[in-house]
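To start, I am sharing the structure in question, which I have written as structure tokens.
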Amino acid sequence: MGALLRLVGVGGVIAYRALFNWTTPSIFVGTLLVGPLFQLFFFAYLGREFGVADDRFYIVGNAVLTAALACVYGGTMAVANERRFGTLGHVLLSPRSRTAIFLGRVLPYAGNGLLIAASTLTVAALLLGLRIPATALPGLLLALATAALACGFFGLTLGALGLRFRDVFLISNVAVALLLLFTGVNVPADSLPAGIRAVGAVLPITHAADAARRLAGGAPLGDVLPAIGLELAVGVGYAVLAAGLLTVFEAESRRRASLDTL
Amino acid sequence: MRTAGPTHRFPAMGEHAIEAVGLHRSYRSRTGWLRPQRREVHAVAGVDLAVGHGELFGLLGPNGAGKTTTIKLLNTLLVPTGGEARICGFDVVRQTREVRRRIGYVFGGDRGLYDRLSARDNLRYFAELYGVPGREQKRRIAELFELVRLTGRQDDRVEGYSRGMRQRLHIARGLLHRPRVLFLDEPSIGVDPVAARELRQTVADLAATGTTVLLTTHYMAEADELCGRIAVIAGGRIQALGTPAELRHHADGRRVLEVEAYGVTDGQVAAIRARPGVREVSLAVHGAAQVLGVQSDAGVDVQANVLRELGGVRLGRVTARQPTLEDAYVAIVNRAAEPAAVAGRMPA
Amino acid sequence: MIAVGALLHVKQLSRSPFEIAIALFVPVVQATLAVYLFRAGGEPDRLLEAAVGAGLMGVWSTVLFGSGGAIQNQRWQGTLEMIMLAPRSPALVLLPVTLATGITGTYAMLATLAWGRLLYGIPLDFAHPVAFPVAVAGCIAGLGMFGLLLASGFVLLRHANALANMLEYPIWLVSGMLVPVTALPGWTGPVAAVLPTTWGARAVHEAASGGPVWPALAVCLAISLACLAAGWALMTYVERRARVTATLALA
């Protein structure tokens, strides 16, 4: 058990440092802290211009969405960069549980996503003048953490796909754009067609953004727990999907030499 | 040679470190998009091997002969399309976890390491992956840095490492979990002569401690110096197997004539090849000069004929010598390629 | 030389699924988002503006990531040094690349318009049907030249991508591609006024929904030419400097 925790914890952190392209200070600040803030401003002003919803809707929703950035790109890199370094074969030679190895890699990205979302929310709320009740903070943190974890597993699923298909960043760019539209972060759900809402329901962010908005509006934690639970369920779903894909691809690779194991 | 049979369902433990019977691997490739044409390539076409514990075994062959595929079949990265193989008695297809606990894998080239991490972190990560217990890791890693002579540089990022250093780090990684069997796939590729010599020393030390080593290499001298036994693989099949001394017999009864020349044409090479008594002709380029190697039956003196064919070409040194392991290797590999060569040759 | 180079790079970019996705897929998603937003905001008459705005955003993204990516890709392929070694001025070598990224940006514009027309039935009745393509072409040429200034800045930086990732949304926002400039805080005004993207976007929007197209387009091209000159000078400086500090080959 201790050894398994080590593999998940220590292994996850080393792999994060090894495989995440964006750990250098300049790129971390630029891409993961300042960039998302501008994204939030863009949509907040867009929302103000059209009067579709209030500041809280846009600020809180987009802040939750920023958790996805590090997770989606990071999750993709966590698996697909093995190809760049030519290390995949050595990882696959491990006699240990694939699930533990790869799920452990998600945790640092999820932590990263939480940090980004929390800092974006703080800065944006201060700059745009959104008041959030102090009592809502623990609940918000829980919602953001759940969103980050769900995004991490979502990213891992994309990474698993990236292992098999070329053009990894194509997948993550497309995924990030789709999250923008389908999670209903920028258009109120009742203005979106049912199809988009249905897809959004099985994507990360959607339920957490909903929960976070209601919390920021003063709803008690008890009221939003079902939404947080749904977000968690989505995350677990992607974890299972990612583990399944990785297992299938590894087995397939041994049969058909389909992965670049060197 | 062993044959596959029901008796092997319960592997005889401890008999051989590496055992392969009728190992076969084919790839299907598709060319064309509108009208796809399927082609089947037999990368490994029936390999039988039995390597004893503690043996240092060489696998030699030209590029594309099936060396790397053979290794990947043995180390579980690929599943054979036919035949079977066992490592320390464990089946490479089904008992992957047991096999992986017992093997290390090192390949040449400068990829396969996390460039952004220090050497120590690379080893720490793979120590986790390869199941080295937490409390042993530190000691084991320090020990390995000592062994591969990277002590002092272990906290530098790998991106700044030279090829030789990367290669030694590869070896340290391969040894982390004290594997019983080590696969070394062209470890000395692109390594300078001094580093290559150190590498050979490390490999020899390993074998001395009882680790079974399967080594592939292009360098004949390396194989000659290190390996107890050598298998020459070409066209996906083992063409010859034995000690270096035994393999040299493949060139028995031959002599080698080496002619330094400037401007030998393909036509002249073909003409020399057609001369009676000539077995192999090779043409290599060394700087400005060409070196023409002619293997012939020892009883026939081909020198006069060769020099006559080279009339008009400026010549340098001409030497006659006894065949080396390399000549034997060339003879074996060329013999394997013979049918194709005959088919392509014009009728005399 | 510039034309041939640009054409070649357009071909190269058109074959990369990554560039195509950036140029086609992402703008279409943005356009969809904009359409729903405009609809929810009760402004169904401005849907054409939404499609055009999303197209402009796409053009900017392709120029930004194209210029940033061009340098990065050349670094990874090891061809950046080759380019610098070429007997031509390095700016002359890079300009076709950035122009080409602008031209692939037209895919974004075409895609959002087609998407809006087909899926949401947005009527493509431009106020100035002749001026619109001219304005788009002018805007793209301008952004291509602006791209050279970006690219030369990116050559200097090890992490061109960090800057590129950061600059996407602010330019969208400040240049008024989707949100009118007037809706923003006052201090962004001067910033917007010196950006060629602002004037290019204004020209294209005016061509689509009415207004004096030519003055804005003229300002856009004038600023772009200034950027081209600045980019050219910077590139020449960068080339010298990179040789001294040896930052060229670092990936």
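Think of it as A, B and C in the order they're written, each chain with its own count starting at 1.
Keep this in mind: contacts are C-beta pairs under 8 Å (C-beta built on N, C-alpha and C of every residue); 3 or more make two chains touch, one makes a residue touch a chain.
Keep in mind it's a predicted model, so treat the numbers as computed, not measured.
Nearest to the overall CA centre, using the mean of each chain's CA atoms, is chain A. Each chain gets a centre from the mean of its Cα atoms; the one farthest from the centre of chain A is B. Chain A and chain B, compared by their mean Cα positions, are separated by 45 Å.
Each chain gets a centre from the mean of its Cα atoms; for chain B and chain C, those two points are 52 Å apart. Per-chain Cα centroids separate chain A from chain C by 28 Å. Listed in rising order, the residues of chain A touching chain B in the complex are 2-3, 6-7, 10-11, 14-15, 17-19, 23, 85-87, 89-96, 101, 253-257, 261-262.
Interface residues of chain B facing chain A in the complex, by the touch rule stated above, are 27-28, 68, 72, 75-79, 96-98, 100-101, 103, 105, 107, 109, 111-117, 121-122, 124-126, 128-131, 133-134, 173.
Only residues 22, 24, 26-27, 29-31, 34-35, 38-39, 41-42, 45-52, 167, 169-170, 173-174, 177-178, 180-181, 186-188, 191-192 of chain A touch chain C when the two sit together in their complex. Across the complex, chain C meets chain A through its residues 17-18, 21-22, 25-26, 29-30, 32-33, 36-43, 159, 161-163, 165-166, 168-170, 172-173, 178-180, 183-184.
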